[in-house]
Each structure stands twice: as C-alpha cells, then as structure tokens.
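In this document, chain identifiers A, B, C and D correspond to the written order of the chains, with residue numbering beginning at 1 in each.
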Amino acid sequence: MYEKFFEKIKQGEDIAGAFTGDYQMILLVSLGVLVLFRFFASTRFAMAAAFIALLVVLRALPLVFKVSKEHSDTFDSMLFYFALTIGLVIILLGGI
Amino acid sequence: MIPGFMIMGYIFMFTALFGSILALIQRDLMKSVILIGLEGLAVAFLYQTLRAPDVGITQAILGAALLPGIFAITVYKTRREEE
Amino acid sequence: MSLETLFQPMCFLTAAALVVVGLYAVIFMDNLLKKIIGVTLISDGVNLVLITGGFNKIVAIISPEMYEQGVKSTAFETLTEFPEFAAQAAFPLPSALVLTSIVISVSIFAIMLALAIRLYQHYNSMSCSVIFKEVDE
Amino acid sequence: MNYENFFVPALLVAFPLISAICLNFIHGKDRAVKGFAFLSIIVVLLLPWITQYGVYWFGGHPTVENLEGTNIMLSKLNLAIVYNFGIIQKIFIALLALLASAAILVHFTERVSGVYTAMIMLGIASASAVIMADDVFNIFVFLEILTISQAALVIAVGSVRAYKTAIKYLILGGVAGSSILLGIAILLGRYGMLNVSDLHKVITVESQVGISHALIVACALIFIGWLFESGMVPFHIIKSDVYSKARPSVGAFMQTQTKFVLVALWVIILRLFYGISTFNALILGVSILSMVFGVIMALRQTEFTRLLAYVAVAQAGLVGVGLGIATEASVSASVFHAINDALAMAILFLSASIILQITKTMDLHKMGGLLWKSGLVPLWSMLGIFAVSCMPPFNTYQSEFRIISAASQAGYPELTVIIILTSIATFVALIKGFYSIYLKEGQDYLSAKEMDRTPYSDRTEYVMLLLLAICLAIGLFPQNILQYIQQFVSSIGVI
C-alpha cells in the first residue's frame, strides 16, 4: 500500500488530499454497512458486518484513486450511471 | 365493426415505431432525418385520431416540419455519413 | 378483446416502445446526432402517453356512471346534445400540457443541434468517442 | 387602478421574463442594454420585499365547491395554477435576486451582453416559479427553462470545453425532464388533476387502502428528475462540471438556484409520495453518497473552480441529509443550511472571480504568491473558507450543528461522524486551494512585474463583504430566521 502511494507521489500527485479522502471512504463503507444492518437486522450482527467490511476495505486500499477514476467527465460513464440509477430507484422504491 | 379512424390509428402507430427504429439503424444521416420527419408526422396524425386535433396541428408543424428541417441543416453543415 | 378495446392500450405500448428506443439511442449510439434523435423520440413518446391518457375518459376524476348522472342532472337540462358530446369528448387538460411541452422540447433541440455544429467544426467528427474523449488540454 | 392588489406573487415571475425578452431584443445597443439591465436589477431586488404575502390564483379562479350529483372526491378543487408566497419564499427569492444582480454587476464594465443578462433574468424567473408554484406541470415547464438558461450561461463562456459540458447537460436534462413529465402523466392519468394540494388530499385518502403501483412508478420517475435538478449522486459530475465551466460569478448564482430548487422540489415530492415506505431512506442514501463523493472529488481536483463546484455539490448533499432524516428539527435545520450555505459558497465563488481576473487561469499548479498582490481579498476568502467549513461565528455552524443534533436524536449516530468528517475534509480541500493560490511561491508571472498593474473589480469585493456581513449577522442571531423556517416546516403538514 505504501508503494502504491509512493508511486503516486512520484507522479506528482497530491497525497494529503488523497489520505483524507481515503479516511472518508473507509468511514463511509464501514458506517454505511453498520447503519444498513442495524435497521434490517440486529445490532450485534451489524457490528460484526461492519468489522468485516472494515477489514475488506483496509485490504483494498487505496480506494481514492479507484473512486476518482470512476468520476471521469466522459459521457459514457455518465450515461451508464444514469441507466443504473433508473433501474435501482424503481427497484428500491418497491415497484415492479 | 371497427371504426375507420382506429384502423388509421393502428397504421400510424406502426409507422411511428418502424420509422423511429429505421431512422436509428441508417448509416446515411440524411435518410434518418427524413425518417424522423415521417415518425413526427405519424405521431401528429395519431394525435388527431386520439381526439386532440390542436396538438396534432402543432406537432405536424414543429415535429414533422421544423425539427427535421433543423436536423437537415445540421447534417448539411456536418458530415453526411456516420463514421 | 377486439381491436377497438385494444386501441388505447396499443397506443400506450407504442409510446412505451418509443421511449425505450429513444433511451437505447441515447445510451448506446455513438453518433451525436443519433443521441439527439433519441432524445426527440423520448419526448415524443412521453407526449403520446399524456394524450393517450386523455382519450376515452381514462382519467378518473369522476367515475363514468356518476358522470353520466351529473351530466343528466337538472343543471344541464337545456343542453340537449351535451350528454352525447360529453360521452365522446377527450379530456382537454393533456392537450394543453402537450402543446407547451412540444414547444419547449423543440427549443432545446435547436440549442443542442447548434452546439453539435460547433463541436463538429472543432473536432471534425460527430462521434461521441472522439468528441468526449478525456484529454488534458 | 387598484394599487393594493398590484404587487401579486405572479409579478415575481412575470417581471424577469418580460425583462429577459426586452433585453434579448435590444442586444447590441450597449448603452440601452446597460440602462435597462440596471433598471431591472433594481426592480428585481425590490420586488420580493414589496410583494404581498398570500396565495395567488391565476385567472382569478380560487376554488370550486363540490358539484351536486357528481363524484368528485374533494370538497374544494383548484381550477388554475396556484402560487404560494410566504416568508420562506420571500427569503429564497430575495437571495436569488441578490446573487443574480451580483453576477450581472461583476461583469458590468465595458460591454454588457444583452443575451447574457437575459439568461440570468430567465434563471431568476424560473427558479422563483419553482419555489412558489403549487402545480406539478408549471414546475416541469420552469425546470426545463432553468436547464436551458443554465446551459446558455455555460455556452456564454465560449470555449469548446464549455460547449461539450453544455451539450452533455442538455442531453441529460432532456432525458431527466422527460422522466418528470412521464411521472406527471401517470399522476394525471390516475387522479385527473395537477394541483399539489389537491393531489395530496386525494393520495392521503387513497393511501389508507394501500399504495398503488402507479404511484410508485410516478415517484421513481419524478425522483430521477429531482436527482438531476439537485445534482445528487449520478449527476454530481455533470453538475459540478457546469458550475466550474461557467464564469465563477455565475457559478455562485447557479449553486444558489440548485440548492433552493432542491428544497422546493423536495417539499413537493414529499407531499405527494410521503406514504411510500422507502422514500426517505432513499433520499438519505443518495444524499450521503453525494456528500462523501463530492468531498472526495474536491480533495482530488487541481482546478480551483472545479474544487469549489464539488464542495458546493457536497454541501447540497448535506442539505439532502437533513431532508432525508425527515424529523421536524432536521428539516428546518437543513432548509436553514440551504440558505446559509448558498451565501457562504457565493463568497468563495466571487473570490475565484477576482483571482480569474488577476491571473487569467484557474489551474492550481500555475498559481501562487498572490497574498500581497490582491489587497484584502485573501482575508475575505479565508473568512469565506471558515464560513463554508462551518466554523463557529458563522451561520453555517448554527445550521450544521442543528443537523447533527437532529441526526443523533433521530437515531442515526453514525451520520454525525460522517458529517463532521465531511466538514473537516471540506476545510482541508479549501485550505489546499488557498495555499496554492496565495501562499505558494515561485511562479513566472510574479517576476514579470505585470502583477502590480493588474486591476481587479472593486465591486466584487464589496459584494463579498456584503455577503460576509449577512453570514455573520445570521450566525450571531440565527433565531430570527429559524423561527420562520420552523413555521414553514410545520405548515407542510406531513413530517
């Protein structure tokens, strides 16, 4: 993981921002899992699930570069996420 | 006995649908613009059979004449073949 | 089920097909002009949904039997031909809405096509994979 | 002529539209454009304060009573378009007018473009119509006009990148607008009416039996339109792109529009679809995602306006978090946050406008060392950074504190952690931008001695000072505005 960051430093990218963003991602994933399971299952199960999610995220670090790669300005990715959202929203609201 | 305007309506539905699909699979953009005009006209007549004649007139002017016109100008200013 | 009763559902199906074809064009077609054509097809389909909903009193603000009663009540006694007309007439509100929405969508397409011409003059191509390629300028 | 009933709420929409049309016609005649623009700015700034409160029925059709012998479900039915104008609407429209006039005045120098001013007027008209209207179709029409005016303001920059952004925005906007219209068509086909209050009554009666599938599909379609208009998660990329490609002063105006439209449209969809069980959870999830992704992407940017744009998107996500929790305290806090954050972000966008005038670039790698070159602007923008990242004396602190306490009261203690970390990350991102612009050393243009002569617009600085003063005033006396917001939220009636 250290090497991955080191490569990015060599490429002249900003690392302080990347670290902050990474903390944010770790918190988002683990706390998001915690909230989800707390509402749809028991609290104890939620804590276990959040711990597992935390471990998975820590193994997959650094996440920020992957996230920012997905946030490109290309039209194709925008339309892809648009189409994904139309489906997800209808499913999640409980129609069809 | 099925009324005559409904038979016409089925024909217009068919035209609109196939016009739109054919417009999208053309390689020649001018042809697809003409087919889009056909689709707009079919939708305009469909409005007429659906008892909305005022919308039919507006759609015939805007959707079947003006819009293909602007599309045709665009195709004329850019390239005609799809790469 | 005769063709007569199927007329309105078939109109809805046509509109749905137009929307689906348009969405396909917007998402998957590469040519910029075809993407814009897809947006026109979507808006045509949505307008057709509105107009078809107004046909044949499917709009259920009033139940049909009660509507007949209301029309035949004392308030409308002098209008002898009115019940017949009211039984056949379409709901007028969607027509008014569609008029507005057609005009707005045509103006949006005009702006889009003007932008497409400008982009073509710069990139000499109408392909989205060329125009929207990510390059650091 | 009856002067008592002259300043009706419809004038708030009608006047900017008329002035936009006139400005379009006199485009090219510079002095006429300048005079007319100045006049319409004054009128637009004054109009919200002299308009009467109340409900406005177009065409003078108030309501009809129940017809004898028919089966209309409602006791009263609105026949025409209805506009509501209360204190909250007045605050929203007054702030919109303030920032719009700032966007016009900043570029009020040698040649004033008539079309550019007209598009800003169109933006005011459409946003205030969305804020006031109580009619679903009227809202659709003005959302489309809002999309057109925002795209036109991006096109006005005139570079190829701006054209690319504008055409992407227009295509996505066309599809999202059609999605809203399809939702309206389903509502109209099922209930036969367009007025939100009437629909609310009918849906309330119907939902005692059960939620129909048609209502759920309509909710999904209108929800997608809401996502586009408010720049939530799948659309945060294009929304931030639009903010950053337009001129920075126009960016300040556009993020204000987006935040107010977010709140206004949310009130309407909540009144229609509050019966659907997963609706609030969906809004909450989308808002958390756009908050976190917005702030992460802000940390990664190398262009100052894009950084500010992503911060604006993240703050809109924070507003959405409060709305998604949907208790009375959280909703009033987040409506308050929408107002505060629109003001605070506008300060930073205006400082970006000054920097653009001085350096002619927005790339953070090419800037640096402006601290002693730009007067007191660094101080104001530092205060603006404090205001955006929710530091105590400013107004955003008050509202964010209320959102956090409402979240922990409503049973989401995890959210408080995410919100606090978001504001810290916002601060880091903005300080990074501040460092690169003002403190970093060693750029070529500093040694070229051209910097001392580069003027920047004093007007922008005055507007920044005015906004800072408003921010401080609201931060010191928050209760003065918050009480009206609490009245407004309790008058929605479904939370």
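By our rule, contacts are C-beta pairs under 8 Å (C-beta built on N, C-alpha and C of every residue); 3 or more make two chains touch, one makes a residue touch a chain.
None of these values were measured; they are calculated from a predicted model.
Centroid analysis (C-alpha atoms only) places B farthest from chain D. Between A-D and A-C, more C-beta contact pairs join the chains of A-D.
Between the CA-based centres of chain B and chain D the separation comes to 38 Å, rounded to the whole angstrom.
Each chain gets one centre point, the mean of its Cα atoms, and the points for chain C and chain D are 29 Å apart.
With each centre defined as the average position of its C-alpha atoms, the distance from chain A to chain C rounds to 38 Å.
The multi-chain contact residues of chain C, meaning those touching 2 or more other chains, are 23, 26, 36, 47, 94, 116, 132.
Along chain A, residues 72-73, 75, 82 each make contact with two or more other chains. Residue positions of chain B in touch with at least two other chains are not found.
Those chain pairs judged to touch are A-C, A-D, B-C, C-D. Listed in rising order, the residues of chain C touching chain B in the complex are 2-4, 7, 10-11, 14, 17-18, 21-22, 24-25, 29, 31, 33-34, 36-38, 40-41, 44, 47-48, 51-52, 54-55, 88-90, 94-95, 98-99, 102-103, 106, 109-110, 113, 116-117, 120, 125-127. Looking at the complex, you find that chain A touches chain D at residues 14, 16-18, 20-21, 23-25, 27-28, 31-32, 34-35, 64, 67-68, 71-73, 75, 78, 81-82, 84-86, 89-90, 92-96. The touching residues of chain C, when paired with chain A in their complex, are 23, 26-27, 128-129, 132-134. Residue ranges of chain D in contact with chain C, taken from their complex: 67-72, 137, 140-141, 144-145, 147-148, 151-152, 155, 160-161, 163-164, 166-168, 170-171, 173-175, 178, 181-182, 184-185, 188-194. Remark: chain B residues 2-3, 6, 9-10, 13, 16-17, 20-21, 23-24, 29, 32, 36, 39-40, 43, 46-47, 50-52, 54-55, 58-59, 62-63, 66-67, 70-71, 73-75, 77-79, 82-83 touch chain C in the complex.
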